[in-house]
Amino acid sequence: MVDERTMRALEEKVAELRRLVEEDGVDLRDELTLLEQRLQALRREYYAGLSDWDRVRLARRPDRPRGLTLVQAVCEDFYELRGDRIGGDDPALRGGLARLGGKAVTVLFHHRGTSPEEQRACRSGMALPTGYRKAVRIMEIAARLKLPLITFIDTPGAYPGVEAEAANIAGAIAKSIATMLSLPVPTVAVILGEGGSGGAVALAAADRVLMLENATYTVISPEGAAAILWKDAAAAPQAAQALALSAPRLLELGVIDEVIPEPLGGAHVDPEGTAQAVRDAVLRHLSELEGLPLDERRKLRYNRYRNAGNRGAGAPTG
Amino acid sequence: MVDERTMRALEEKVAELRRLVEEDGVDLRDELTLLEQRLQALRREYYAGLSDWDRVRLARRPDRPRGLTLVQAVCEDFYELRGDRIGGDDPALRGGLARLGGKAVTVLFHHRGTSPEEQRACRSGMALPTGYRKAVRIMEIAARLKLPLITFIDTPGAYPGVEAEAANIAGAIAKSIATMLSLPVPTVAVILGEGGSGGAVALAAADRVLMLENATYTVISPEGAAAILWKDAAAAPQAAQALALSAPRLLELGVIDEVIPEPLGGAHVDPEGTAQAVRDAVLRHLSELEGLPLDERRKLRYNRYRNAGNRGAGAPTG
Amino acid sequence: MPIRRDDRDRYVEVELRRGEEPLWLRCGACGELVFRRRLRENNYICPRCGAYFFLTAEERIAALVDEGTFQDLTLPLESKDPLSFSDRKPYADRLREAKETTGLKDAIVVGKGKISDHWVILAVMDFRFIGGSMGTVVGEQLAFAMERAAEERIPFVFVVASGGARVQEGVLSLLQMVKTVAARELLAEAGVPYIAVLTYPSTGGVMASIASLADVTLAEQGALIGFAGPRVIQQTTGEKLPPGFQRARYALEHGLVDGVVPREGLKEELVRVLDVLEGIPSGG
Amino acid sequence: MPIRRDDRDRYVEVELRRGEEPLWLRCGACGELVFRRRLRENNYICPRCGAYFFLTAEERIAALVDEGTFQDLTLPLESKDPLSFSDRKPYADRLREAKETTGLKDAIVVGKGKISDHWVILAVMDFRFIGGSMGTVVGEQLAFAMERAAEERIPFVFVVASGGARVQEGVLSLLQMVKTVAARELLAEAGVPYIAVLTYPSTGGVMASIASLADVTLAEQGALIGFAGPRVIQQTTGEKLPPGFQRARYALEHGLVDGVVPREGLKEELVRVLDVLEGIPSGG
């Protein structure tokens, strides 16, 4: 196994050499090419062997393409709708109308913010009841205007706060799941970064669920699981492994339908390429779904969730 | 025209005589009988000639049977449901499950409170957004469980306050109208006391709309109209007349389907009799509605409101 | 919270009767005399202080609809004064005066037009006509407009300028709330988009019914949006009104509208919405 | 706001393993030793201090269902440990221990019974089984229970006692939220009433799905009702928790439940609900 530090050290060296070549005109092109080939091989080896905990860290990188940025890159056009029509508008859960593949759709996504102020306002993507109620309102527009719904999930979880509880965050999530399940239009969910617990599943009750290669989808954060089950914060990497939160594991488990590959090193290395890959995957699934009659689509969706996790339960063996 | 003061004076005299007869055993039974007959005739004459403003005052009497009391008397059983599942529960707009004529129904009603504290808490029946959102929730239960909905209206109007506006009282009323209109079950509205403006119409988009004889239903309070249009608070009685807010006028205008008679003197004279009359009328209309197929019922409801007020608009004459 | 520029009282009522078409109009906010043509070119925004002049339905339509594409579809209806209402002045007289002043039959104009090549059914209220109040005629025109949009399968755009229900038609006005909501359901069943544009004022019965039920809701900057008017609230509750209360930005912050748009950007914003919804309703 | 009597921490965890059935149980709140039979007769409420002892599913069923009418319909399912999960202890071991302690296959019992002559389908969680957490077995039992209620056209009563999703089954547990909501839609389409009874605790994934979607929602007095647990909230936000936070009465005041019922009145309250809904679903 390649270790991360070695790879980073080599990356730095290559960068230094490249600067020399470019700035000082030193002719080291052959050496550079060789080194870069070697680095690429190392990278491939490293990223092929990523642990689930490595992915957790990749999924949380501050420079990972997120929310608004990615939606704007995936869609040809995005028109934001705001407000729950009840008293608030949550910047951490956003959505609206968009064009995708030349057609009108609705989109919903978590947004973590880019600037520090925005990140504070967005509580790093932890949405409030008002966010989930806005989501339901936009789902109702999708139903009325017969617009497919695409959700982009990236949240550590719903916000755990006094006001959120007083405003029934549990009920807001439940309503979001119920509304999404009942939509008469094709629905596709894409887990972009963190798919944290109830706050994620509220937008994930879709016909198709896709995941970026290094995204995570989990019932509890590895740190939370470490604290509760291992009674040891340092056990987070183990917990990440045990929770089966990575895209490949979830594909194996039948929880998701497709892993969308990321560029070597992670989505942040090539945000545009990532957006293109997401776009292609979403369009492909949408087009498959649109080929199905409504009844068929709804039956498939019902069965998908009615039977979800059935492999986890079985007749007693003992 | 009999004047109210004369009638009240005679009422007092009769009461004094009755005390004499009962307490001191003075034999004045014949005189008393005669006087009572005369009083009854006077009453009939007086109440037959009630002005619309007289009705406004009757509808507002603090001892008029209201909200909870009347619902409990009209229904065999009432199980209150509480809360909007969003953060609040409004005591001014209440509702729940009930038995009526041996069948399960849903009910919604304004409640003004009986004790001074309760009246304060209920803002004299002026409901908040949370009240109308609870109403929508209960309407959704009616739709799910196929329970007819009976609403009992008695409000000066929705509460005009900063918090109510911030929580979108206008949108809450609009949603209540839309949800009520879309219900797949029979709906009957009964205006008990004041049917004030948007706060009333939010619960009045029913298949059948009934009114107690002395109830009022109006686009604005007579005082409000007097202030705005007459620029004179003292013009409220004239405004009451002009607004056509009384049950007989509204029956004539085709706004309501039936006037439920009150006992001589008003509902407060015989709350039980009033409740019985309301009950009989509601049951009769419910049974008519239940005799119609769903499609027919919905078409009738749609046409009722689609054509509402058409007599008010016509081709230009000039 | 500091008062933001766009929370300010940017709307000014100018002389509502424009029968005589003076060359100059005085800004009610800063007192500036503005050449009428200059004002029109500036979207009826005072070039000195930025105040928004109230727009007539005709001016609003001219500002939003592609030139030469508007077809007036307003039904030939007028109020029959169903209650024979009279306060200090008979309603019939008020109606006659409003008709003379505006050249309209009631407080709304309905038509079909193109907004940057998107066909829409448009309903635009005119505040000059008894405060843009909704009585039986306005209700019927709105219901008709939505039916027409459902039938032609093109979006419905509703520009609100209304203080509420038409008092002089009593409960019949209240019922227009139910009527318009019923027609809105029909539009929804047809899958036809409905875009509301809230201007100053959007309050009362119109707001507590059809104007609150759009798919996309835009607010013109500075618009007054609410149910009860600020004066009623203060009189009834004695509450102190927060800065910017019921104004467009306040509405946005409280989740009541999708966006706040300056007057000069309104058409462009509508085009953005119509562009993104191009092809909807689908399956024509 | 003064702390009300019923906001107090009335629930006490007693020895959760009751294999040996001691004659006496110690109240975790006041320390009183209570004779087990006396405790049962008193609805498992401490006769000295009024604390509520946690109820097993069996005890809850005995308290609610008419004697002799309960038919256990729990499907013969057990967790297959789909992730082969292991923390400090293998999940398989935890499962085995929980089964031994409770005599159950997982954290829920499903059955049919009469509540004062009303037939219902009942699902009752058992907090002793890994904190009443919802994994694949609980999800499947709940979905089955709702399907059965829809089929038999009798009300569904769900007594919640759950800290949330079963961590050891990962995302498969999360998906049970969606599964139970899907089954709830089926129940709704059949017009069959669903009554939820929230006890201590009703939090996490169960609450953010099926437990929040009942037609009628009762809370047992003192129940903890919410999404995030109080400790998580304090750790994440540093907020001070208000008195009575997330307790039954708080939930009532915030519009989250229809009523708060003392344990001794719970059956009677359910009967009131079932009485008023007698004949529903209609049209059998």
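So that you can tell them apart, the chains are marked A, B, C and D in the order they are listed, and the count of residues begins at 1 in each.
Operating definition for what follows: a residue touches a chain if its C-beta (ideal position, glycine included) is under 8 Å from a C-beta of that chain, and two chains touch if they have at least 3 such contacts.
Values in this document were obtained by computation on a predicted structure and should not be read as measured data.
Q: Go through the assembly and pull out the chains touching subunit A as well as subunit B.
A: C, D
Q: Looking at B-D and A-D, which pair shares more C-beta contacts?
A: Higher C-beta contact count between the two pairs: A-D.
Q: Using mean C-alpha positions as chain centres, tell me how far subunit A is from subunit C in Å, no decimals.
A: 42
Q: On a C-alpha centroid basis, what's the spacing between subunit A and subunit D, in Å?
A: Each chain's C-alpha centroid was found; their separation is 33 Å.
Q: Provide the C-alpha centroid distance between subunit C and subunit D, rounded to the nearest whole angstrom.
A: 52
Q: What positions in subunit A touch 2 or more of the other chains?
A: In subunit A, 85-87, 166-168, 171 touch at least two other chains.
Q: What residues in subunit C touch two or more of the other chains?
A: Residues 212, 254-256 of subunit C touch two or more partner chains.
Q: Please categorise the chain-chain contact pattern as a line, ring, star, complete graph or other.
A: other
Q: For this structure, give each pair of chains that are touching.
A: A-B, A-C, A-D, B-C, B-D
Q: In the complex, go through subunit D and note every residue touching subunit A.
A: Residues in contact with subunit A: 76-80, 82-83, 85-88, 105, 135-137, 139-140, 143, 165-179, 181-185, 203-205, 207-213, 226-228, 232-233, 236-237, 239, 241-242, 245-246, 250, 254-256.
Q: Using the touch definition up top, name the residues of subunit B that touch subunit C in the complex.
A: On the subunit B side, the touching residues are 158, 160-162, 164-171, 173-175, 177-178, 181-182, 197-198, 200-202, 204-205, 217-220, 224-225, 228-231, 235, 238-239, 242-245, 250, 253, 255, 302, 305-317.
Q: Could you pull out which subunit B residues touch subunit D in their complex?
A: Those residues of subunit B that touch subunit D are 77-89, 96-99, 103-104, 130, 134, 141, 144-147.
Q: Considering only the defined contacts, which subunit A positions touch subunit B in the complex?
A: Answer in residue numbers: 85-87, 129, 133, 166-168, 171.
Q: Would you pull the subunit D residues touching subunit B in the complex into a rising list?
A: These residues of subunit D touch subunit B: 188, 191, 193, 212, 215-216, 252-259, 272-273, 275-283.
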